[in-house]
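Going by the order they are written in, the chains are A, B, C and D; count residues from 1 in each one.
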Amino acid sequence: MDYQSIINEIAQEVSPLLVSGKVADYIPALAGVNPNQFAMTLTLFDGTQFSVGQADKLFSIQSISKVFTFTLALKFYRSALYQRIGIEPSGNSFNSIVQLEYEHGKPRNPFINAGAINITDSLINYYGADEHATEEILEFIRLLADDGSIDRDCVVALSEMEHGFRNLSLANLMKSFDNLDNPVEDVVNTYFRHCAIEMNTKMLSRAMLYLANDGLDPITGIKHISESQSKRINAVMLTCGHYDASGEFAFNVGLPGKSGVGGGIVAVVPNLMSISVWSPGLNENGNSLAGTKALELFTTKTGLSIF
Amino acid sequence: MDYQSIINEIAQEVSPLLVSGKVADYIPALAGVNPNQFAMTLTLFDGTQFSVGQADKLFSIQSISKVFTFTLALKFYRSALYQRIGIEPSGNSFNSIVQLEYEHGKPRNPFINAGAINITDSLINYYGADEHATEEILEFIRLLADDGSIDRDCVVALSEMEHGFRNLSLANLMKSFDNLDNPVEDVVNTYFRHCAIEMNTKMLSRAMLYLANDGLDPITGIKHISESQSKRINAVMLTCGHYDASGEFAFNVGLPGKSGVGGGIVAVVPNLMSISVWSPGLNENGNSLAGTKALELFTTKTGLSIF
Amino acid sequence: MDYQSIINEIAQEVSPLLVSGKVADYIPALAGVNPNQFAMTLTLFDGTQFSVGQADKLFSIQSISKVFTFTLALKFYRSALYQRIGIEPSGNSFNSIVQLEYEHGKPRNPFINAGAINITDSLINYYGADEHATEEILEFIRLLADDGSIDRDCVVALSEMEHGFRNLSLANLMKSFDNLDNPVEDVVNTYFRHCAIEMNTKMLSRAMLYLANDGLDPITGIKHISESQSKRINAVMLTCGHYDASGEFAFNVGLPGKSGVGGGIVAVVPNLMSISVWSPGLNENGNSLAGTKALELFTTKTGLSIF
Amino acid sequence: MDYQSIINEIAQEVSPLLVSGKVADYIPALAGVNPNQFAMTLTLFDGTQFSVGQADKLFSIQSISKVFTFTLALKFYRSALYQRIGIEPSGNSFNSIVQLEYEHGKPRNPFINAGAINITDSLINYYGADEHATEEILEFIRLLADDGSIDRDCVVALSEMEHGFRNLSLANLMKSFDNLDNPVEDVVNTYFRHCAIEMNTKMLSRAMLYLANDGLDPITGIKHISESQSKRINAVMLTCGHYDASGEFAFNVGLPGKSGVGGGIVAVVPNLMSISVWSPGLNENGNSLAGTKALELFTTKTGLSIF
């Protein structure tokens, strides 16, 4: 298939949508981003990349980081991880606090905020200290993307901490149920720090390759996780990767993926390629408006939906 | 692949589980089923079937019927259907009534009871009368399975109606929000009647073939629904097909599927085959215990997970 | 105190509010009532009545009937009644279905709809048949008001049944938890029938006298219930008598009372008098706007709040 | 009435209950209290006190402090206070976080934890700093009790802060909805500090006298709040003063009152006296078991229920 032509077409087709999205404004440091931007990158197993748009422009990966922290936690704790966290979808955000209370502080999955905070706590346990965990998570993402230049935007992390009351509420609620081991502020700070990592679509697409290839990086040959763990992360991305629009994403796009409020989305076509798209304007569910549409066009044009 | 050997192996490996499940007992007519039964059938696009166990034994398809009614409603109403029903996962059953209230009577997806009742209502609208809808749904399933002998078990349908207070509660709640057009009793009766259809794994596996093949029955050549509709039904099966264990099923099995409390499960391997498995003993989430395990073993042994 | 002058003053002071209320419109038969009406009656222990406004005009007592059915059920079942019903406030109406689910079908108190339906069910048990219960409830109210002319408005009862889906939903939910003994339709029909009883403020004020006097009717000398039961009904009126504005009513008026969506309110000043007020325009919480204000003015002018 | 004999009788009658209660154990500093203790004090308007049991023994007033902080906030902010807080009952504790979320961070009343934390925040606003607020609240309680010796137990306050994750969760949730002005830790610390004030039943009974007398201390002649404010605090105590057993307390005791997990309860008989009772063993709802029974016996024996 002529992937370059396809993504060029897509870039044109979504361009009218760029102005309709709404940049995340609850984090002041993100509110100033120009919504009129778009990038998309495909990465094949031999490392070939096809890009369109501002594919070198760094942006805040935000919740996409949850894929990488879940990978690490699954690698270290295996099925023991499910004593503290579930893998079921959680419904709307009103529901997510209701369910956290109803289910005695056990988050429903690793991709809602409570779940990712809980995963972060388990990584602090593993690494022994929050600074250490912060560095190791960053190192792991550099390894996945094969790019040592990746770093955090400290202004964004601080800005999130100053407005992170809802996350502090969730973390304290888990702690009240004895399902958080480290001090709440340390855990939430660490969580915000890895949300504030900056990457572009080339880096993100490259970093996701292991999930398209059963846990094995086809370029470096590093086996990050087992085949079964890799399939499971993909399954959770499919069922829970897009807030309360996960069903819709599965329905319209049909690929395992994960979005972030910075406007990035990652996705994999199992056994074939990994994809990243970025456009900062969000739809009402907090997912990139043009980015979601671009992925929908991609599976429609290529027939590469997993269904 | 030697499918026959694989399913023979599976049948042996799950046999110790048969006694651990618990037959659905809230419907008296189902409570008497012997749990010590198992069957599995695979159907390829040329019609070849591989079966093991009691593959000719009829059982109550229960919620599996929701796949077929959703298919009909999607065919008739297309995207207009989403004005009355969502496609997002719904969380636990406590949640499902909370969310129905919170979301003003709009069910979250076609596979929770409220959603399937709502779909039934739309089909009564289409066919003009509940008896007519009941017959046409049955005819459609006969067509899908290419088997005119399929019929309902009226004793089960009556038994369900006598104990269907929770479903009547959901239906009345939707009606109070003006999201149900026909009389509550008629709709719920029709719903229970198609839940009480009896099939065996050969019939069910055969009937699901269209969803493995983009809406086209590869044997009869009938195009039941469009490719896009077919992919979407598969997506909803993956995200919402197994009550509050949908994430776990995606995680462990990795195929779009739908279970019923009669102990049946259907699943598809896109572009390759359709599967049905049956064992009446249920796990704590209401899905067939041995059946779920059999499908997990199947994707492990064959590598045919969509992830 | 010169009660007549006080209520005359009140009638004048609330008259500008009459137009601001909103007549209940979910029951077609009630929607046509002219909101520009007001009546208030006080009844002393010797039978003396002070009235102002349209005190002879009959209106639908609606939820005020719950006071009388609770009285009967408490009389017959005593503390055994609390196995099926609670006496705690229930929060907003979103909450009331959430809590009914959370608390396994046990309504929080006799004055929310689920509770009053449940009480009705217990009275059908006691009397043996729904028609019989309907008649006996009416007879009891006639006895309390010492007025054999009191009757039901069948048009209103039918109209409610035709739009009573939410109540049918609650009743079915209780039935699914085995907390309703009789057929749902019979119970809800009986409930609607006693809601549709018509009385005026003179009758209602007279009927409430027993609750101002520890269960004993000071005029006829009939001991309807014990002193302790009487105090308890007053306590439940105070904590739960005005939907999600019960706290506000206690706060602003400071008397045990119960309102209905027909615009009526009853209240008692323990050891002194009973009161009824009526004005069909409702506030946002479903309580009579001018009626609530009239009672607030009454306790302010007389200092007769129980606090 | 011979109050001394009555309370002597009560002390004897409740003594078998002392061992059945369960001392609050979630605060380590309180867990060690001997449950086998009881005290009760009545205070008349001329200052006469009747006491029985360990009426000089200091205990942690805990949630009883909410009555005093609500009094201060109502005095300073009057009805403006209701922009940030409601006055409706809240149901069970599962509900209280659900409702805080559902109602966008506005607590339902000043006596649930979220409400008292919110009230504390408003007092920090008024006094300008949390240390200042802490001191002024203590001074106000000394003034009410006419006893300068009253002080806080810093060990208890620290102990609560170390285990106060649920309260921190509630406070952060309010903050995320912009309904908390000061830093979360400062507010919750201040809240815990006034919960940790130590008093005995003589002091508490004396301190409550103003609420039995329309806001005016009958001994010192100080007018703390208006008559209307006083009645309203009593109304909120009646509807919301005893966690999810407020309806039951109104039902069984019939007096406005407030309990604390330290085992203390305060109550008022309007226009006659104020009461305090103490026994550290709690019932399942977190209210003093013997204390609640003692008050029930008191209104039964004296007929002094407000109903």
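One rule holds for everything that comes next: a residue touches a chain if its C-beta (ideal position, glycine included) is under 8 Å from a C-beta of that chain, and two chains touch if they have at least 3 such contacts.
Keep in mind that this is a model prediction, so the values were computed, not measured.
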Under the document's definition of touching, what chains do subunit B and subunit D have as common neighbours? A, C
Among all chains, whose Cα centre is located farthest from the one for subunit A? C
Whole-angstrom distance, CA centroid of subunit C to CA centroid of subunit D, is 32
How far is the middle of subunit A from the middle of subunit C, if each middle is the mean of its Cα atoms, in Å? 55
Roughly how far is subunit A from subunit D, going centre to centre by Cα mean, in whole Å? 47
Hunt down the residues of subunit B that sit against at least two other chains at once, touch-wise. 94, 98, 102
A full list of chain pairs that touch reads A-B, A-D, B-C, C-D
What does subunit B use to touch subunit C in their complex? 94, 97-98, 101-102, 165-166, 168-173, 175-176, 184
Given the complex with subunit A, which residues does subunit B contribute to the contact? 86-92, 94-95, 98-99, 102-103, 108-109, 228, 230-232, 234-236, 238-240, 244-248, 250-251, 254, 256, 270, 300, 305-307
